[in-house]
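Listed below are the structures to be examined.
Across the two complexes that follow, chain A remains constant while its partner is chain B and subsequently chain C.
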Partner chain A sequence: MSDFWWNVIDPVQSVLDGVMFGSIYALIGIGFTLIFGVMHKINLAYAAASIGGAYASLVVFQVFHAPALLVFLSAAAASGVIGYIVYICCFRFIPTEMPLATLMASVGMLILIDEVVVHATAGMPEPYPAMFDDVMIDLEPFWIRGDLAMIFALSVVAMLVLLYVLHRTRLGLATRAVAQQPSAAQLCGIDQQNTNAVTFVITGALGGLAGAMVGASVGILSPLLALPLTVKGLIVTVIGGLGSIPGAIVAGLLVGGFENVFQYFRGVTERDIYVMLLLFVFLTFRPQGLFGRISTRD
Partner chain B sequence: MDFYYGMAQLIGVHTLLGLSAYVVLLTGQVSMAQAGFFAVGAYLGGMLTVLAGWHIVPAMLLAAVASALVATVVGFPALRVKGLMLVVATLAFGEAVRIFWFNFDYQIAKGSIQVGPLGGEGFKQIRYFPENGWTTADLALFIWAWVIAAMAALWWMDRSRVGSVLRAVGEDELAAQSVGINLTAVKVSAMGIGGFIAGLGGAIYAHYTTHIEHLNFGVVLATFAIAYPILGGLSSVIGVLLAVIFIQGFLVEALRFMGDWRNLLFGALIVLAMNVRPDGLFDARATRALRRLLGGRDA
Partner chain C sequence: MKRLLTIAAAVGVALSAGAAADAADRTVKIAGFGAKSGVVRSFGINTEAVLRAAARAINDAGGVKLADGSMAAMEVSFDDDRCNAEEGISVVRRIASSDAVVGVGPTCSNVAEPLFGILQAKAGDEGDSGLQFPIFTDTAIKGGLAKISEWAFRNVPNESQMYKSLFEWLASEHPDARSVYGGVEEDFAHSRFTWYKVMKTRSADAGYEVKGESKWLLNDTNFTTQVREMKRAGADIVAISAHPFTTCGVLKEMARQRVPYKVLVGLTSSSSLETLNGCAKQAEGIIIPTSFAPVNPDAVAAADAAAALGGSADLHSAAAWEIVMILKDVIESAGIQATADSVEADRRAIRDGLAALKTTTGLLGEIQRTEEGEAVKPYVYVHAADGAWVVLHDPNA
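Moving on, here comes the complex of A and B:
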């Protein structure tokens, strides 16, 4: 092969790795966007709850030595429970017309979850199981890391399940109705509080899966993962367009690939600057995001 | 005694940070960029006294003006987006500023040592106060002079037409616009004033800790900045001060015996406070009561 091709292979490889890792950002972005769509509120504790769920699943891993897939699923379950707790503590009883109060409460919850994790683990990073991490798929001239491929596949499955629930079940119908027009949905006999709570549980489960996959791909879990994941998830939500699930998916993969290629060229300390720049480009030229509509509501 | 002076300094600096977020919040915008403006003020102020050998007061003022300019520039895209989008945009901007300083090196030789910001190692030896023989008491007085000036200015602003205009925009943009308020001008000036105060606070912070690094100015500090005015209630500057005293004085210092459990309690207390008093601990009714107590008229 010519020199040119040799120079291209590495960047393309890093885009490939980044896009697969980006499926985690997509899951977190979907969580933010769904909660926003249904409640028009930001749940800043979301990524922390995801990492918290992954930590909770460590019990299954360390005590019962369960296989990795089971650990991931229990992370999703635990995170769903945490999602419900977050809903009760930060959203259920605070009046809806006070967005600052719910925002602040979810920040308090973020700190609380982080601190509970720190106390439970003495602040030390914990090893996390992965699947297929010794497999390398050889696609001449590229390689695909087995664990990343598994993460990507699991994310796709999770997204398909979510889309099925949203578009093919009564529960999803209720969720979409509340998102569209809360009072009209209530007039049709849909219990708004109930729908909100279910949304928090569903997004919590998605987040828990994302948290588990962060652990699986990095190899360890650390409470320090929560804040960067929050920032990336929010960026993905905005780039994809608020309330748009396909937008969050595309933006997640985009941000993942983008960040990894800049990490390849500019190093890990600078890469996030370029992600922020990407966000600003979107805010300036396409503030409604990739798939969002310009909304008149907040 | 030094301990209490140190306490007073910390509370003073955090009050400035809270006040900077307070102004912006009055217009209904949640800015997570205050830590970024604070960092701009800290690094520039430190560079002016250490590298250029300026006196502290002009250094602080220039740093604050620079922060205000940065904030104004950020304010413009803020007009295109609101709500969640604004939170994310300002959060990303604050993080971008932090990463900028993380990658920023500018050192010169001063005597036998190198001084100036050095990337991840931070900016050490900002020794204006020790070099000029200021005691901790002097410094505490100096900081509080600024804090009181800023609080008085904002208190006055709150009661003037400017305050009403800011609050009108915060309450209902459409209504404000329809009575002829220029939203762009109001929001950008609020960001500018907030940037100025954050810059002042940052410059003082750099000099009193003598060592700053990019990690000081992360999301956590940005969260604190908006937590003070929200917890304090947006009805007056007193609320911000009370919230700072409550968090930094009571939660951080008085509960020191609880060790690491303090942070956990901190998170839980925020959640509880917002559920019990969603308007903030020191809300409009408390402000009115205070005004009556001081003999002022009801606003």
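Moving on, here comes the complex of A and C:
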């Protein structure tokens, strides 16, 4: 194949890879956005809790030699538990009128979770199971990594389940009610604290799945993952529109794709500069993000 | 009179017993420091275990002989610098205000470089108020750092020499391999330095065509684009200058994309348990030059002693064992007093003793010392085979 065709195929392939990987960003973004939507607070410990859940699932993998799918589900469960702990420690008892206090508490929790992982593993990379990691789907001249396709599919399923829960169940109704009018929701008999806690558990489980997907895509887990995922999650949340789940999904895929395009054309050292520029462009010209609404609440 | 003599004898016995007790209690304090937090925590854990194991071996054999002929125990402390320059400098300033006579560390080159900058540049220069405290480095490996200060010494391998020798050996062992392609962790000082200043130039010197390099960052999780570049380059030798986390990520992606290569070369720091722990299958066959492997009884004993204290002896931490043994010899030949009043003089004597060394004994053989305080260490080539590091070739044999 001539260089010309390689120069055409390569960027497209890069976008394809990026979009596939972007589904993980979307999952993380959903977590940030859902918590923000319900509580109007940012939980900066979210990505660290996701990686923490993935690490916790290593017990199932290393001790019981469980299959990959079970390990992923364990990561979701463990991360749900961590999400609840984060809620109790950083949000439950801090008055809502002190947003900075909850923000700083979640930063502290991020560092704490990271250090716990580091101390438990001595910072050593740990192998993480994957599904279809040796499969390449050949779509000549393009190809799709089997494991990334699986991650994409699993992420889509998780998002659909979440959307179903939010829009077709009483729990979802309560969550949306608290997000829109917390006082009115409380007057209608909805337990606000309980709804918040459940939101943290659900988003925690989603995050755990995302953490597991990152581990599966790289093949190893490292505490190094928490900070970049936090940054990417926040970017996705802002670009998608604070509080918008469809926005987080689209923005996650968008950021994943753009990241690879920037990397292809400008190199890895400039890649993140352009991703940040993209963020600034949105903050300046469309601060409500792709799907967010400029609105107030009581 | 008889009563007076008895009292005098009793006082004499008491005084001599006190003196004996003083000698037994005297210690030579060595202050280790390095990264025990974050993703490089394992480096600090290993160095601390090796330092303590070496000190224990010396103490079990009777300790260190002081200037007055008495024996002192070697006492090791270890502080965490978090692989952070400010923390490293703060830790060393604190150590220097204690009665430790020498510091051993740090783990990271980004700590070593500014840290050496706060030491007195030229020993004895009264116009320089820099810290007068000898530092002997076991791990921070970026080239040429010890020349920053005459109080800085290193026992780290000379990567330039190791890779020069490795690429020359590869040229003779694999005459069909004619080209090299690199993979570099662009935001890590050691990885960058080793690719651009060592692997790239040394492979070109050995007659290889360098076809370029793919770059990624320490925190990256997606290597598809970089590995496609690598595959398109079609080089015979792929040289990866990165630490275990991204090395494993790249190796797994290379396996997925079926990158064809004849020889795989890795970074010195990757010849550790972390790589095998993370991706033993994909790392199979990777060749790395290293200044430590348990290939003789002394090296095996050092590795076992470290393991008994929960550490692992690798090319970085094993250097700490050699450092403690070198320090014992220097302390004994320099006439250290190890008293509260002699701390500054003891530090200066140790510095002078280290600076005067031309050769030392290492676990793999004789180590040459340069005038700039660096080491030229013997090395072997290891490769990953069946989940373990196995010696592939000993250039000194």
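Criterion: the second predicted complex is superposed on the first by the 289 of 298 C-alpha atoms of A that agree within 3 Å, B and C clash if a C-alpha of one lies under 4 Å from a C-alpha of the other, contacts with A are read in each partner's own complex, and residues count from 1 in each chain.
As a convention for this text, a residue touches a chain if its C-beta (ideal position, glycine included) is under 8 Å from a C-beta of that chain, and two chains touch if they have at least 3 such contacts.
Computed from a prediction, not measured in an experiment: that's the story for all the values here.
Trainee: Which partner does A:A184 contact after superposing on A: first (chain B), second (chain C), both, neither?
Mentor: Neither partner.
Trainee: Of the two partner chains, chain B (first) and chain C (second), which one does A:S222 touch, if any: first, second, both, or neither?
Mentor: Only chain C; A:S222 stays clear of chain B.
Trainee: Contact-wise, after the overlay, does A:V157 reach chain B, chain C, both or neither (first, second, both, neither)?
Mentor: Once the two structures are laid over each other on A, A:V157 reaches no partner at all.
Trainee: Between chain B (first) and chain C (second), which, if any, makes contact with A:V118: first, second, both or neither?
Mentor: Both chain B and chain C are touched by A:V118.
Trainee: Have a look at where A:I137 lands relative to chain B and chain C in the superposition and call it first, second, both or neither.
Mentor: The answer is neither, since A:I137 touches no partner chain.
Trainee: Does chain B (first) or chain C (second) touch A:Q263, or do both, or does neither?
Mentor: Touch status of A:Q263: second partner only.
Trainee: Counting only touches as set out at the top, which of chain B and chain C does A:G108 meet: first, second, both, neither?
Mentor: Only chain B is touched by A:G108; chain C is not.
Trainee: In the three-chain superposition, say which chain, chain B or chain C, touches more residues of chain A.
Mentor: B
Trainee: Just chain B (first), just chain C (second), both, or neither: which does A:W6 touch?
Mentor: Second partner only.
Trainee: A:L69 in the overlay: touching chain B, chain C, both, or neither? Say first, second, both or neither.
Mentor: It touches nothing on chain B or chain C.
Trainee: Where on chain A do chain B and chain C both make contact?
Mentor: In chain A, positions 115, 118-119, 227, 269 sit in both the chain B and chain C interfaces.
Trainee: So in the complex, the part of chain A that touches chain C is made up of which residues?
Mentor: It is residues 6, 10, 13-14, 17-18, 21, 115, 118-119, 122-127, 133-134, 136, 145, 214, 217-220, 222-225, 227-228, 260, 263-264, 267-269 of chain A that touch chain C.
Trainee: So in the complex, which bits of chain A are touching chain B?
Mentor: Residues 36, 42, 89-90, 93-95, 98-105, 107-116, 118-119, 227, 230-231, 234-235, 237-238, 242, 269-270, 272-273, 276-277, 279-280, 283-284, 287, 298.
Trainee: Using the touch definition up top, name the residues of chain B that touch chain A in the complex.
Mentor: 25, 30, 77, 80-85, 87-89, 91-93, 95-96, 99-100, 102-103, 119-120, 218-220, 223, 226-227, 230-231, 234, 260-261, 263-264, 266-271, 273-275, 278-279
Trainee: In the complex of these two chains, what residues of chain C are touching chain A?
Mentor: Counting only chain C, the residues touching chain A are 37-42, 45, 186-187, 215-222, 224-226, 228, 232, 244-245, 248-249, 252, 255-257, 273-274, 277-279, 282.
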